[in-house]
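Down below are the structures I want you to see.
First chain A sits with chain B, and in the next complex the same chain sits with chain C.
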Partner chain A sequence: MNPQPAQSEALRGGEQPVSAGQVLRIHGLSVSYPVYGQEPVKAIRDLDLGVRPGEILGLVGESGSGKTTLARAIMGLLARPGRIDGGAVNFDGRDMRALSEEALRAIRGRDIAMIIPNPRGELDPLLTVGRQIAAVARAHLNITRAKAEELALEMLRAVQIPDPKRRFNAYPHELSGGMAQRVVIAMSLVCSPKFIISDDATSGLDVTVQAQVLDLLRALVRDKRTAMMFITRDIGITAHFCDRVAVIYAGEIVELAPTGRFFENPMHPYSVMLLAAFAHNPKLREKWHKPLASLIRSQGKACEYATRCVHVEPQCNATHPELRELEPGHFVRCFVPVLRPA
Partner chain B sequence: MSAVLEVEGLVKHFPIAGQRAVVQAVNGVGFSVARGETLALVGESGSGKTTVGRCVLGLIPRTQGAVRFHGAMIDKRHNIRSRDLRGKLQLVFQEPAESLDPRMRIGETIGEPLRQLDMAQVDRVKRVREVARRVGLSEASLEQFPAELSAGQQQRVGIARAIVTSPELIVLDEPTSALDPTARAEIIDLLIRLQKELDTAYLFISHDLSTVRYVSHRVAVMYLGMIVEQGSAAEIFSHPRHPYSIGLLSSVLLPNPKLKREVRVDLKGEIPSPIDLPNGCYLAGRCPFVDEQCRAAMPPADQVGDGHFVHCYHHRKALSGQVALDYFDDFQAKAEQVLGAGRR
Partner chain C sequence: MRVLRYVGKRLIFIVPQLFGIILVSFFLVKLIPGDPAVLMLGPFATEEQLEKLRAGMGLQGTVLDQFWIYLTNLVQGDLGTSWQTTQPVLLDLFQRFPATLELITLALLLALVIGIPLGVAAAYFKRSIIKKFSDYYGLLAGALPDFWLGLVLIFFFYTMLDWVPAPLGRLDIALIPPPTVTNFLLIDSVIAGDWQALWSALGRLILPVVTLGVINAGPILKMTQSTMERMLESDFIRYAETCGLPRSVVIRRALRNSLPSIVTIISVLYGFLIGGAVLVEIVFSWGGAGQYAVQGVLNADINPVLGFVLFSAIFSLVIYLIVDLIYFAIDPRIRS
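Presenting the complex of A and B:
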C-alpha cells in the first residue's frame, strides 16, 4: 500500500471543500441532539464537504467529534432524537433531504453503500454468504436469481476470498473476521455504488489483515472510480490510504488538505496534537499536548478548540474562526495557525 | 536484576464441550520480568497473549509449566486472589468503562483494594488522595461517577486502583486499545512515569506496536501460543529476525505518507485455528520462506544475540539483503522535524 501517484483531480491542488464535479456535496449541514432541560448539543455545525469520483477522502476525528453522526445524516439514517437543523446533502444531482424514505431506500445499497465494523453483526447468521450478496443484487438490480448468484460469486473473487466457490455456500460463523469483512465489502460493492462510506470499518481487524483489506479496497475503488469517505480515528491509516484528509473536531472541519500537504505542513493545533500523539517524544508532547478533561462537545464557544489549545489569543474567545484557504486546497479553521519556515 | 516474575514452559489448553480436541491457546512459553522492567507481549488476536496474562496471575489454572513470583509458585492457593499475595499483583483492563463499577464513586473504586487489605478508613482516604494526585486525577473527580469521565480519565482510575496497593507486578492487558490517540499518549506517558517512580514490573499485553516500542524494554512476539521471537525492544524493532515479526512490523501504518513502507515479508492469508495446529512451524502456511523442513518440525530456539531468541530455520534468509528496519526511526525523525519546526 505504498502511496500512489495522484489519480484524482482533487490532488492537483485548489480543490474547494465543496465544488462541481463532486458526486457527494454537503453544504452547511447542521445536526443537533436535544438534551432534556438544556440547550441541544450541536453534533455537526455548518459543515461543507464533498467527494469526487475515484477519490478517497479520509475523515479523522476522536470519539464524540461527530463523525458517525455525519455518516448517518448523509445516508438519511440519523437515529432519533437527532435532528437535521439545516443545510443540504446533494448526491449525484439529487437533494437527499427532499427524497421520500422509499426513494432513499432505493439509493442506499445501490448507489450509496456503507461499510461498518463488526462484520459478523452485519451478516445474517442463517443465510450463506453467497445468497446474502445475491439478495442485495436482486433487491436493487432487477435481475434473475441465477444472474445475481453469478454476480455474487464474481464479487467473492474480486475481494480475493480463497476458494470462492466453496465459500459461496459458507455461513458467516464459518468465516474468520478478515474473511467476514471481505464479504461485507463484496456486498457493498455488488451494485457498483457511486459512493461508499466506511465508518471505522477496519478497526476490528488485526494489522496484517487490515493491510490486506485496505490494499484491496483501494484497488477496487480506483478501478470502478467510486467516491469514498473513509471515517477513522487512526490518522496513520489516512496517510497511506486517502487522497485528502479532513480533521473533524466538535462537529466542525478544522483542517482539510491533500494528504501529502497535510502531513508535510499540518497547520491546525489539533492536527498537530493528533500527530504528536504518535511521535512518542516528550518534548513534542509538552509543546503541543493539552489533556482533555471531559468529552469533546460543542460548547458554543467562539473557537471550539480554544479550551484545549496550547496557543489561545483574545480573538479565539471572541470570534468564531472560518475555514480559510492558506495554501491551494489546504483549509484551516484557526486564527493563529501553526506556521513553518518554507 | 532479580526477576519478579519467571515463566517456564507455560502451556494452556482449553477443553471444547463434547469434543476430544482442545483449543491450544498457549504452547510452551517462557520469559521473565525484572523490577522496574516492562516486557511486552505482542501478537494478533488469538495469539494467546491474554491467556498468558491470566495464567501469570493465577486467574485460571495452567495445563503445564511453571509460573513463579519472587521464586514462589503461583498456583491454586497462591495467586492474585489469595491473602498472601493480595495487593502485590495487579491487573489493568482494556475497557476502562466496563472495568469500573458504574454506581461506585471514583474515590471508593480506587480505595477498594485497600479495603480488602483491611486498611483503616482514615488511612485509606489519605492514600486514595495521594494516588489520585499521582495519576493526575483532581480531588473533585473522586466524588464523581465513572460515566462523568472521559475514557482517558477512566483509565487513569483503573491505573490508580492498580497502584494503590504498591504492587510489584502489574499485568496491563491492552490498556490503551480502547482509547483515542491523544488519550492513549497521555496514559502511556503516565505509565512510564509511574514505573520510574515506583520501580514496578510491567507485563504489557498489546497489539499496538507503535506504543510497545515506546514503553517496553523487552518484547516477546507471540504467534499461535508461542513466542516466536524475543529480545530487547531496540533489537526487535530495528533488526527483527522472525518472518512473522518482520511482517507484523511492516503492517503498521504510521502517520507519514512519504515513509517507504516496503513490505519485506508478505504474510499471506490469516492465522490458522488453534484447535487444529500444523505439525511443523505454525507460520508455514503464510510464510514466503517455507520449505520441507518447516513443515516437518517446529524450529527450536536459536540465540542470535544477547537475550535475543528466534524460532525459525530461515531467519538468516529472512534477514539477508535487508538493511535495518528503520521505519519507526525514520518516522520519529521526520515527525520531530515537522512538529518541532512549527511556531506555537
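Presenting the complex of A and C:
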C-alpha cells in the first residue's frame, strides 16, 4: 500500500471521506439498536469515513452521537443488542464484516488497538501491569514469555513511565490515573498496530497530564506512521492534535475537513455551536436542555439537527441533507452552511 | 509478614469468639426442657438417687454454677460424658466428626467439579443450551431436599440395580475396620494398607457423596454464574476482548476475579454442612457428628450438643481463617 498519492491529495486538501490509500475505509455503515415495541434506534446511519496511515482523524460529538458505537462496530465488538444493518468496513484490504470471530480476535490488539477512558478500570486488578502488557504481546506475536516481558518493559519505557522496572510489577490500583493511562497506551502499542482508536481516552485526566499523554501519543503514532481515530467530546483538543476533524451528530458525519480549514471556517451550525462556547449564550442554550437520545428522530426525512438548529429553514424539515464538498476536502451536511464573508 | 501478623491476630480472637459461642449455646440448650437424670434412671428412681446423679453430672445449683463447672472442665479438655453412649464426648466426637468431615469434604469437591465449570459455561455462553440446563439445575437443586434425593438414589442404585452396597454405615459390617489413626476411614485404610476396607469405604461413600454433592452444586453454580456474568461485563474484561486476548485467557481472568465470591460460598456451605448433612447421615446410617448432636437434643443429653457446637465453631473459624488467607493470595488490593 503506497500512501504517497493519498498524502499529496491531502496536501491539496481535496481528500474524500473515503479514498484509496486509506488503511481504514468505512462505506455506508449503518448500525441500529432495537428498542422493544418501537422502531430501532439508528445509532450510525450510512456513514463514510477513512483514515490514512500516519493520519490522526479527530471524531467529535456529544454523548449519544454514536462515537463509541462506531469504534466498537469497526472492531466487530458491538455490544448486544446492537447490530450492523449495512455497509462495509475495510481494514488494510480485509473486509472486517466477513471475518470470523477468531480472525477478528487476531486483528484486535495486534492490527487495530483501542485506548479507552477510565484506564484503571480497564486493567485487570489482580495482575501486574507488566504481565498484562506481556499477555497482549504473547497473544499476538508468537514469542516466549521472557521475550514478551522484555518487550513490555521496553514499552513502559517508551511511554515514559518513571522507574519502569518497578512499575512493571505494580498492580493497577497502585498507579495514578495518568500512569494507568500510559500503561493502557503501552498495551495498545506493544504489537505496533496499523490503526489505533482512542475513545475519549484522556477525558478523565488533569489538563496538564492530558497534554503530556497526548504529546506522547502523537509522537509514538507519528514515529510508526500509525493511523489513528481520535474520538473526543472536547473539540478544542482536536485543533492541536488532529490532521482532520470529523463532527458526528446523531450517527451522521455533519462536517469533515482538514483541521486548519475546519477551525478557520466551521460551516455546519452544529460545529459552530460546539466551538462557540454555547453554554454562555442563553438563546443558543435553550434548545439543549434535552439530551440527544430523547429528541425525536426524523427517520431520514429531514435534517437531524433541525430540532436544535438556530438556522432552520423550511427545507431543513422536509429533506434530509447530503454531505456536500463545499471547498476542497471540506464536507458539510447542511442546506444553509455558515459561510464566512469573503 | 503482614499475613503472619494478621493470622496471629485472628488466632488470638478465636478464644473470645469461642467463649461467646459456648456462652450462648449453653444457655440456649438449658432452655430445652427435660431432666437427663430422670431419663437415665427411669421412673422408679428415688429423689436421693436423682440428686446424687445430678451432682455427678454437674447439674446441681443454678444455671450459672453449672456453666462455671462446664467451663472449668472444658479448660482441662473435658467435654463431659454422654449418658447415651456412656463415653466421654471428646472421644465420641473424635470418632464421629471425621465421619462427617470425610463425607462433606468429598461432597463439596464433587459440588465444585459440577458447579464451577457449569457456572462458567452458563455465564460465557449466554444463549446456549448449557445456560438453560444450568438454570433448571439451580432451580431443582434449590427445591429438592437432599434426604429425598438420597432415598431416590438408594431406591435406584441399591434396591433396583444393586450397583452399590447397602446404605448401612461407612464400612461393610463383615469387615474389621483398619486400626484407628485419624478416624478418616479412607486415610486409615490407606495407612494400614487395607485395600479391602478402602474399597468398601469408597463404595459406601458414593451415594451419600453424590446426594450432597449434586444438591450443593446448586448454590456454587448460581454464585459462579452470577459473578462470572458480572465479571464478563466488566470494563477490564471488555478491554481484554478489545486487545484480542484468546478466549481461554479472558475466561481465566474473569474466573480469577470471581474466585473471592466462589470461595465465600464454599466456606459457608462447608460450615453449614457439618450439621446440615444430618438428614443424609440418617438416611445412610452414617453415624456422623450431626446425627450425634440431634440424638443429644432429643434426649436431653446436653454435653454432646455443646461439644458438637464447640467443634463446629472451631471448624468454621478455621475455615474462615483459611478463606481470608485465600483472599490475601488472590487479591493484591487486600495485601497492600
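Just so we're on the same page, the second predicted complex is superposed on the first by the 306 of 342 C-alpha atoms of A that agree within 3 Å, B and C clash if a C-alpha of one lies under 4 Å from a C-alpha of the other, contacts with A are read in each partner's own complex, and residues count from 1 in each chain.
Here is the rule we use: a residue touches a chain if its C-beta (ideal position, glycine included) is under 8 Å from a C-beta of that chain, and two chains touch if they have at least 3 such contacts.
Remember, it's a predicted structure, so these values are computed and weren't measured experimentally.
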item: Per-residue touch tally on chain A - higher for chain B or for chain C; value: B
item: Which superposed partner A:Gly236 touches (first chain B, second chain C, both, neither); value: first
item: First, second, both or neither for A:Leu339, with chain B first and chain C second; value: first
item: Which of chain B and chain C A:Ala103 touches, first, second, both or neither; value: neither
item: Which of chain B and chain C A:Ala318 touches, first, second, both or neither; value: neither
item: Chain B versus chain C as contact partner of A:Met75, first or second or both or neither; value: second
item: First (chain B), second (chain C), both or neither touched by A:Gly260; value: first
item: Which of chain B and chain C A:Val35 touches, first, second, both or neither; value: neither
item: First, second, both or neither for A:Val272, with chain B first and chain C second; value: first
item: Chain C-contacting residues of chain A that also contact chain B; value: none
item: Chain C to chain A touching residues, read off their complex; value: 234-236, 238-247, 249, 253, 256-257, 330-333, 336
item: Touch list for chain B against partner chain A, complex; value: 44-45, 136, 148-153, 180-186, 188-189, 207, 209-211, 213-214, 247-248, 251-258, 260-263, 267, 269-271, 331-332, 335-336, 338-344
item: Residue ranges of chain A touching chain C (in the complex, touch as defined); value: 75, 77, 104-110, 113-114, 116, 118, 121-127, 135-136, 139-140, 171, 173-174, 184, 187-188
item: Parts of chain A lying in touch with chain B, wherever the complex brings them together; value: 1-3, 62-63, 162, 176-179, 206-211, 233-241, 259-260, 263-266, 269, 272-285, 287-289, 291-295, 310-311, 338-341
